[in-house]
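Labels run A, B and C following the written order; every chain starts at residue 1.
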Amino acid sequence: MALKRRAKQVRVIPGFRLTLGITIALLSLLILIPLASVLVYSFQLSPAEFWKLITAKNVLTAFGTSIVCSVIAALINAVFGLILAWVLVKYDFPGKRILDGLIELPFALPTAVAGITLSKMYSNTGFPGSFFSSIGIDVSYTHIGIVLALIFIGIPFTVRAVQPVLEKIDDQYEEAAYILGSSRTRTFWKVIFPELFPALLTGFGLALARGIGEYGSVIYISGNSAKNGTQVVSYVIMQKLERMDYASATAIALVLLIISFALLFVINIIQIRRAKRISLR
Amino acid sequence: MEILDEKELKAKKRTKYILIAVSVIFIVFLLVLPLISIVVNSLKKGLDFYFSALSTEYVLSSLGVTLLATVIAVIVNTIFGVIAAWLLTKFTFRGQHVLSTLIDIPFSISPVIAGLAFIMTFGSLGWASGIIDSINNALGTNIRIVFAIPGVVLATIFVTFPFVSREIVPVLNSVGRDEEEAAALMGAKGFTIFRRVTFPHIKWALLYGVILCTARALGEFGAVSALSKTRGKTFTLPLEIDALYMSGSADSITAAFAASSLLVVIALIVLVLRNILEFGVLNKKKKKGKDR
Amino acid sequence: MYVELKNINKYYGSFKASDNVNFGIEQGKLVALLGPSGSGKTTILRMIAGLEHPDEGEILIDGKVVNNIPASKRGIGFVFQSYALFKYMTVFDNVAFGLEVQKVPKAEIKERVHELVELVGLKGLENRFPNQLSGGQRQRVAFARALAPNPKLLLLDEPFAAIDAKIRQELRSWLKEMIEKLGITSIFVTHDQDEAIEVSDQIIITNKGRIEQIGTPIEVYQNPQTAFSASFFGHPAELPDYTKFNSFEKRDDVDKAFVRPEFIKVTKKTEDQFYKHSAVEGVVEQTFFRGDTIELLIKVNDTYITARRGLDEGIIEIGETVDVFIYRIFVTSGEKAYLIKNSALREESVVI
């Protein structure tokens, strides 16, 4: 086999070794080693034990609740994220800047504060909770409440994923389609939407990943009832921790981590593929 | 582009107003109403009650813990963020992509897992607890990590870890490496290059990253919740809010909202600053565009 | 006239993008709209296309007023500056798009697309995506896409601006040939006068929203009629004081004087100069090798002028004193421009 010879890479800018060293050291110390501890501990469980812990009825229900509610919330966020991004990029109207600024509120507002507020608002005595309960819809302490909280924390992800891409799309594409006789609806679905789709998918994935692991904003409005299936995964982990049931806690956490990483992996692949498409001028 | 077909023009206008209305209603319901609700709830029992609720021993202690954890987390993450951003954008190396993905981990995993991770590392079952014990024995100290202030600080650092680097990396990527390479070829040392060449490009992004990091550190709940069990000692403000709210009496719920209002004010300041920063950067870009 | 613009005015706020624009274009002609950036040439093109609407005036295509006809019904094809190829569609789908919109039967679309792809020389690349093509290939796809619905008028916005200099030349000739072959009336916008001269049958010069001059490339080049044309065409240099050069009569109404490199004869002291007593002395400050010629920057009485000499003529060194004779200049007076010949040319021809 031919020997591969590669010229030693020349780095003109100084600081490679130093920054690499510090970055890896801090990353390992603060993030990777603690996370590895979870892995190490959960690997000490026998497969049968592990299986038994994660297939306990309340655990499976919690995974079901977290995943289904997050998917529904992320889908709703994808739709509204697209609409909001469109409105913020394409139209001018009074108060637009305030609207744009507010999108980021869920990033800035502590999750616990959002949690107790939403819970209070949508309880039978709050506004608009009392209105919903008068028409027979209970929001707080139901799955609807969980979805609502997840929409709240997820909306910035989809809007901010789509917005910059939409801003960059040249008017020429719309004009080209218009001259060729395309209707506006057709232009949107055939020309603009395909450009936005990867970004929308990224936003959806980020909102989903955030939603599946969400804790603070959900636990008040969900009511955490095992009977009604309104416990989310994070809540169950916290519950196990409180009962010093570390075996269960780490086993559940491991599954949740795998789900998160899988999502992160898919999002990265989407972004890399997109970068490749765009990179050629 | 101007549309000539009157019917289409009408349809376009109609779409516009419908979409704007949908957006405004959505944002008002989802985001504005909760803000109003917090203010209304916190003032339910009058201003006197509001201020006395904010000045209880528990609230003041939790505020102190929160501020301490936030300051340390922001310092650590700012230093890390700048260094990591430099590494990821100024050099090309194997494993670059993996590294950048690893840095983003805290962004996409449950905060509860972050808390769990530190318990499994430093807690009684954790492999590092022996190390801490032997340090304590050797030095005669009584350092504890889990269920103590250091744990709270570590958890806060964990959840806000990528915030600063995430804001800087895209800016540096779009700027490229030419200027740094030019400076290096002229013999400038690393720190000089950073200070004179790189920093001016990233200062606004850095500031925004710091602001965002601060906001998230102040408000972190899940991770800290797993690591902090003593009200009045290791509780942060969000934990205190949780304790007040969960105690269930009407008075303590109002007190919970009063404490929340502090964090709302901070959140709003963050949003306003963000908009000012963005506006400033946009204006600068526009000016540059005109110069050309 | 196939395309006619009558008294077109167009405002963007207080900015007048088109100022009483009038012109007509005959069927089958390839016309260049030439002007500096911001001169209103693209606005004119976009108004003909139906992407913009004139505030006043009428646009006629094939004898019909099209002001209120939407772009897609005007029978035009448009090639965008950066092509605006749909990134998420293949070459085939891009070209087919306009036909699909018109609900043309599938078999017919297939036939027409293949015909066009072959015409533009991209056979075999139908399933490529735009980012898998070179700049030149992308332009060909844009061209094919514009032609697919069988337009009677082709509009091109800076068609060569996004292409490397190397293949630009090749594409210019290709496009000219292609348009001639198809016989389709075409208008293209450019800011490059060489491109306009080389490609078009007719040039329309725009400046500040107005039409300055219309004519064949030769007419426009040899007879600039307006102050702007004279100052724009043929790489002219301004002479601050043309009376310092011998044998030009002083006229009172002159605002500015321009000289083109080809109007200047430079001779070495050792060479014969027929109009020796009408020439002035100058010092060569710089020489530039331009491949087929040598360009000289000469200082004459504090004025810098640029002249050219052939490679076969004697070599001139920097610092050498030379004789400079100017055959003619363009002078402007208000909005008008005219040519002044060196009076030596007349007198001495009388003598001989």
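For this structure, a couple of remarks:
Rule of thumb we're sticking to: a residue touches a chain if its C-beta (ideal position, glycine included) is under 8 Å from a C-beta of that chain, and two chains touch if they have at least 3 such contacts.
Worth saying up front: this structure is predicted, and the values here are computed from it rather than measured.
Among all pairs of chains, A-B has the largest number of C-beta pairs in contact. Each chain gets a centre from the mean of its Cα atoms; the one farthest from the centre of chain B is C.
Rounded to a whole number, the gap between the C-alpha centres of chain A and chain C is 54 angstrom. Computed from the mean C-alpha positions, the centre of chain A lies at a distance of 16 Å from the centre of chain B. Chain B and chain C, compared by their mean Cα positions, are separated by 56 Å.
In chain B, 1, 8 are the positions where the chain touches two or more neighbouring chains simultaneously. Multi-chain contact residues of chain C (touching two or more other chains): 50-51, 71.
Among the residues of chain A, those touching two or more other chains are numbered 175, 178. Against chain A, the residues of chain B that register as touching in their complex are 1, 8, 11-12, 15-16, 19-20, 22-24, 26-27, 29-35, 37-38, 41, 76, 80, 83-84, 86-87, 90-93, 97, 99, 101-106, 108-121, 125-128, 154, 157-158, 161, 177, 180-181, 184-185, 189-190, 193, 212, 215-216, 218-222, 225-226, 238-239, 241-242, 245, 253, 256-257, 260, 263-264, 266-268, 270-272, 274-275. Those residues of chain A that touch chain C in the complex are listed here as 170, 172-173, 175-183, 186, 190-191, 194-195, 277-281.
Those residues of chain C lying in contact with chain A across their complex are 49-51, 71-73, 76-78, 80-82, 84, 86-89, 97-98, 101-102, 129, 131-132, 135, 145, 148-149. Here chain A touches chain B in the complex through residues 9, 11-16, 18-20, 22-24, 26-27, 30-35, 37-38, 40-41, 80, 83-84, 86-88, 90-91, 93, 95, 97, 99-118, 120-121, 126-128, 151-152, 155, 171, 174-175, 178, 184, 206, 209-210, 212-216, 220, 233-234, 237-238, 241, 246, 249-250, 253, 256-257, 260, 263-264, 268, 272, going by the rule given at the top.
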